[in-house]
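I have a structure I would like to understand better, so I am pasting it below and will then ask my questions one at a time.
Every chain is named by a letter (A, B, C and D) in the order it is written, and numbering of its residues begins at 1.
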Amino acid sequence: MIQASNFFVTLREDGDPKEVASELARRGLWSSPRRNRDGQTTLAVEARSAVVNPRELETIPGVASVFTAGFDCMLLEKQPKIVAVGDQFIGEAPTVVAGPCSVESKEQIADIAGELAGGGVRFLRGGAFKPRTSPHSFHGHGVKGLEWMREAADTYGMQVVTECLSEEDADAVSALADVMQVGSRSMSSQALLNRVGRCGKPVLLKRGMASTIKEWLLCGERLLMAGASAVVFCERGIRSFDPWTRNVLDLGAVAMLSHGFGLLVMADPSHGAGRRDLVLPLAYASTVAGATGVMVEVHNDPGKAVSDGPQALTPREAIVLNQRLQDGFAVAAG
Amino acid sequence: MIQASNFFVTLREDGDPKEVASELARRGLWSSPRRNRDGQTTLAVEARSAVVNPRELETIPGVASVFTAGFDCMLLEKQPKIVAVGDQFIGEAPTVVAGPCSVESKEQIADIAGELAGGGVRFLRGGAFKPRTSPHSFHGHGVKGLEWMREAADTYGMQVVTECLSEEDADAVSALADVMQVGSRSMSSQALLNRVGRCGKPVLLKRGMASTIKEWLLCGERLLMAGASAVVFCERGIRSFDPWTRNVLDLGAVAMLSHGFGLLVMADPSHGAGRRDLVLPLAYASTVAGATGVMVEVHNDPGKAVSDGPQALTPREAIVLNQRLQDGFAVAAG
Amino acid sequence: MIQASNFFVTLREDGDPKEVASELARRGLWSSPRRNRDGQTTLAVEARSAVVNPRELETIPGVASVFTAGFDCMLLEKQPKIVAVGDQFIGEAPTVVAGPCSVESKEQIADIAGELAGGGVRFLRGGAFKPRTSPHSFHGHGVKGLEWMREAADTYGMQVVTECLSEEDADAVSALADVMQVGSRSMSSQALLNRVGRCGKPVLLKRGMASTIKEWLLCGERLLMAGASAVVFCERGIRSFDPWTRNVLDLGAVAMLSHGFGLLVMADPSHGAGRRDLVLPLAYASTVAGATGVMVEVHNDPGKAVSDGPQALTPREAIVLNQRLQDGFAVAAG
Amino acid sequence: MIQASNFFVTLREDGDPKEVASELARRGLWSSPRRNRDGQTTLAVEARSAVVNPRELETIPGVASVFTAGFDCMLLEKQPKIVAVGDQFIGEAPTVVAGPCSVESKEQIADIAGELAGGGVRFLRGGAFKPRTSPHSFHGHGVKGLEWMREAADTYGMQVVTECLSEEDADAVSALADVMQVGSRSMSSQALLNRVGRCGKPVLLKRGMASTIKEWLLCGERLLMAGASAVVFCERGIRSFDPWTRNVLDLGAVAMLSHGFGLLVMADPSHGAGRRDLVLPLAYASTVAGATGVMVEVHNDPGKAVSDGPQALTPREAIVLNQRLQDGFAVAAG
């Protein structure tokens, strides 16, 4: 149960607050006692301490009742644990989504797709509309880029994951993509979430650079409310103070969504680290922390990429990553 | 090579800036060109983009010379990759350091040590001097607690890792501990680093809550300069904005220290998450990201712990963690 | 000049690097020397250290040339320092923008507008479309709310500032507002910026919760490029780790935009602090730091507000704030 | 009253929860209702929403009782609002503490002191022991530097404020300084706080780079508990994500300590901004936000400073700042 707000455990008259607090701590829950006017005691329980089903706490000796404020994730709660995308499934075998930061040309995307598909990668990503910090930078080939990517994917039996940046483009993206992505810069743009959700497709929802887990969940809920057929969360690093990595990949959030809440969550170590030399270790670590897959930037010639080359893997590296994840991988002792 | 400052690649007169930049990008390096007055071109390379040995870049066609500002980690650079602690080694088989947040009594620490040692855990941690936010909280049993822990460790053939909080206590801690710990609240306290280093022991250096990787490295260098026999870094989560986890465990930093710089680094998922239900997934993920071991809080009865109970594992859980890490563990495919 | 990227000062052959570095430090600039292959020296200057016109540095004895990478703020650079909005001006006398978080009813907005206008406040704000974290919360009265606000403003001779949340609503908002606001949740939504800019109105651009100053500037540049007649920046607090204030109001950013770059910038202490008891001290401090005005939440009965009541000022408090700002205010010694 | 933990308002049987919540909101307090088993209602009140005396809330119609968990600031609560330092007072007329980052030589500190004192500045700061990130940097002249500073201060009738970095140096610093400073790198070093407090002097306590307001307050409480005669807090910027300023000066924290809690608090805009061009606007803004004074770095020749030159003011600038603050300053309208 996605219980994310603090809640209250009220004791029977003969309940011993220390004993009950001790039982809560055994379940990983921090609590603090409040005495009511009539001498009755309530323990305020911090939801942030562990994921539990509050209902189960009513069986603790000495507990009279448990009061929870409602939490707005009822649609996420009911979402299936496996999502079909074409002939593929997210939530079963680890998913690797790979492709270039930008779709640069018809040949480029076809080449990359061919190479990746030959190595078993089944999801193709690529930016057709590029959100760029400077208004004067290259912003992508738009619908034309999408069409190139669709064609490449169809040729090689892949599924397309691509970002929708604008309400205006939603229908065009929906027509050509298998999974619509909402990027971290747009995560909190509610109009866009409503518009993308309305397309009725599965959505990959990247976490905003400074969004709390709660805000992220509620944006997922919003997508489902608007009509999205499924939501797959994607952790891509939060903004922090260290200049040596572009972002901090928050694998605690991945573990919480996956193990705690039973949601589908992927990780994007390319943006999470912003350094190619950390992408593979973080990709493996992500799946161990609970991610159902990873999204990585790949370029056939990182040295010539129009954007983000230095964080891109080669197709070969992505294929090895995919292979190891598909096979299960052994972590060698010492 | 621990090259952490930006550096400069100067081209031959016939060097093609685009070609060289392309070669740098292939190695994961972001660069930007500068033209000198005489038309010569220099590429400023961002050290944050990847770990490379700048010397190797001189072999790229078109490169005349590489200029690096010195970086102050020469002692870390030369530190051995394996550290002996008693009959144990850090840097070989995964190290599990386990024990209670606070040493509460002679019996408590002996019980926990016995149980952990019986399950193969060889490093015992425990707080004798406790840094607490409020001056009115329990601050530990001090030297008496240390002696209890030493005795328990000797009985069961374990090594002791414990924090030194004060310059005044350094000799007492040094006399009783095998590894001296500098905590995250003290990481930037240079007088303490100097004093602890002078004891000549191996030191476990936790990362400060908001310390950059560079500051952390330099504190390690300071310990070696002061005389520490070895430094093992320990990532324990950085402070961020989300209230649902106590800190954000930065596994990108672990990967960088381990894979990038070849340093010994552990992770503390107990403080990193502050939630028991995330400790195990993050512990496994840490070792996959490059940690040579993990440090976890363990309590024989988390419900009765005087501090941090809700984030403590049981001894049984710590033993299973240790066993899986010692055996190597297979990550099952989907 | 909005020079925000690092730049390079190359010395004459007879230039003394220490002397030139010293001159740069006198101007507040951090620099570090690089030697070229031919022995020539370049000083890399950190733009983050101070705002200067790089051209002026060419007059320093020993300097041969200054090399700056282009920076993409040419439109901001040329924007006038005073913006006319109806019969009012932003950039002259301090501007107070006041009104309720949500437009709740026709009567409510009319009452508040009447009271504020009677006390000299000339800009009315109010949320018609409300961005709310939970999809199940109240989202505002939409266009109807906008019409009520327009009517209230016209009755009392006020200018309307209101947020545009969606590309779809841009024309409706443009038709009824005098200044279109882009909120912090949407700041990095480039499609929305393009669409709002196209309306050709002045835009109040709130800073994103985790946006850097550079990203914020570039979003302003984007608005101008798309057609906005003017951009007024608005600092509203960045997300940080302390739970006692909702955000951290970054008055250093206000000072930099105002004093350093000569841009129009306001501050929103209501969201910046999230606590009513800090709103007034921060409002005065903002104008002293360089803000050309403040935006505050006001409610005729904060106890009954449908949203954000506890951070709202009463109309009376807003009027006193406005009066003191219009009169210039003396800060008493001791 | 320094009430920093959430607290609970229990209603009479005939109390109307909506009415009481409304009254709380009028006082700036966010609350949320909890129903007990017997139908009685309690409102949980967020202390972070405003500073109030919980006792006063018992007069609200419908309120039965108010329950507050104790908060550990009883010594801070009782501290006088004005602190005598030699013939000077902190807490009355604005205090300007000025001086170089490092005491470089006997002549340097005497020159700066003479110039500052001639312009009315009465507090001299200067680093004798310097905390530096790299162990290989200049670490100050130590006790000799302190003696030079003492002599300069005595010659010109100034009070000395200087940092104590080490438990070992505490007595030496105490013997020569009028106010002992604990720096931001050491704020959470409890052994140092205990040792410095034991000297019985007034202490200037800088805020840690990532310390919460609550942690900061508790470190102040610890100093008083250890014997410090008074604590003056000093906000110096918290670490955040923007590379253009060194830190973010948190004037909301200044307003809260000053206006909310009635504590003595200063601001250090030199470190807060790390850019000379922002120091003066932020200094004035700080006092308007509630600071009882400012601490600024000054150098007679910033171009030659051994450390932090680019953020130092000239003595002349510091004198004008002091003069304007002593005179009270008028903020001109538009």
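Here, contacts are C-beta pairs under 8 Å (C-beta built on N, C-alpha and C of every residue); 3 or more make two chains touch, one makes a residue touch a chain.
None of the values given here were measured: they were computed from a predicted structure.
Participant: In the touch network of chains, how many steps separate chain A from chain D on the shortest route?
Facilitator: 1
Participant: Name the chain pair with more contacting C-beta pairs, choosing from C-D and B-D.
Facilitator: C-D
Participant: Report the chain whose CA-based centre is farthest from the CA-based centre of chain C.
Facilitator: Greatest centre separation from chain C goes to chain B.
Participant: In angstrom, rounded to a whole number, how far apart do the mean CA points of chain B and chain C lie?
Facilitator: Distance between chain centres: 41 Å.
Participant: Measuring centre to centre with CA averages, how many angstrom lie between chain B and chain D?
Facilitator: 32
Participant: Go ahead and note the Å separation of the Cα centroids belonging to chain C and chain D.
Facilitator: Comparing mean C-alpha positions, chain D is 27 Å from chain C.
Participant: Would you pick out the residues of chain C that each touch at least 2 other chains?
Facilitator: In chain C, 210, 214, 239-241, 243 touch at least two other chains.
Participant: Which of the residues in chain D come into contact with chain C in the complex?
Facilitator: Against chain C, the touching part of chain D is residues 4, 21-26, 28-30, 47-51, 92-94, 210, 212-214, 238, 240-245, 248-253, 255-256, 258-260, 272-278, 281-282, 284-290, 301-305, 309-311, 325-334.
Participant: Contact residues on chain A for chain D in the complex?
Facilitator: 8, 10, 32, 34-38, 40, 42, 44, 64-65, 67, 69, 239-241, 243
Participant: In the complex of these two chains, what residues of chain B are touching chain D?
Facilitator: The touching residues are 72, 131-136, 165-169, 185-186, 188-192, 195, 208-210, 214-215, 218, 221-222, 225, 239.
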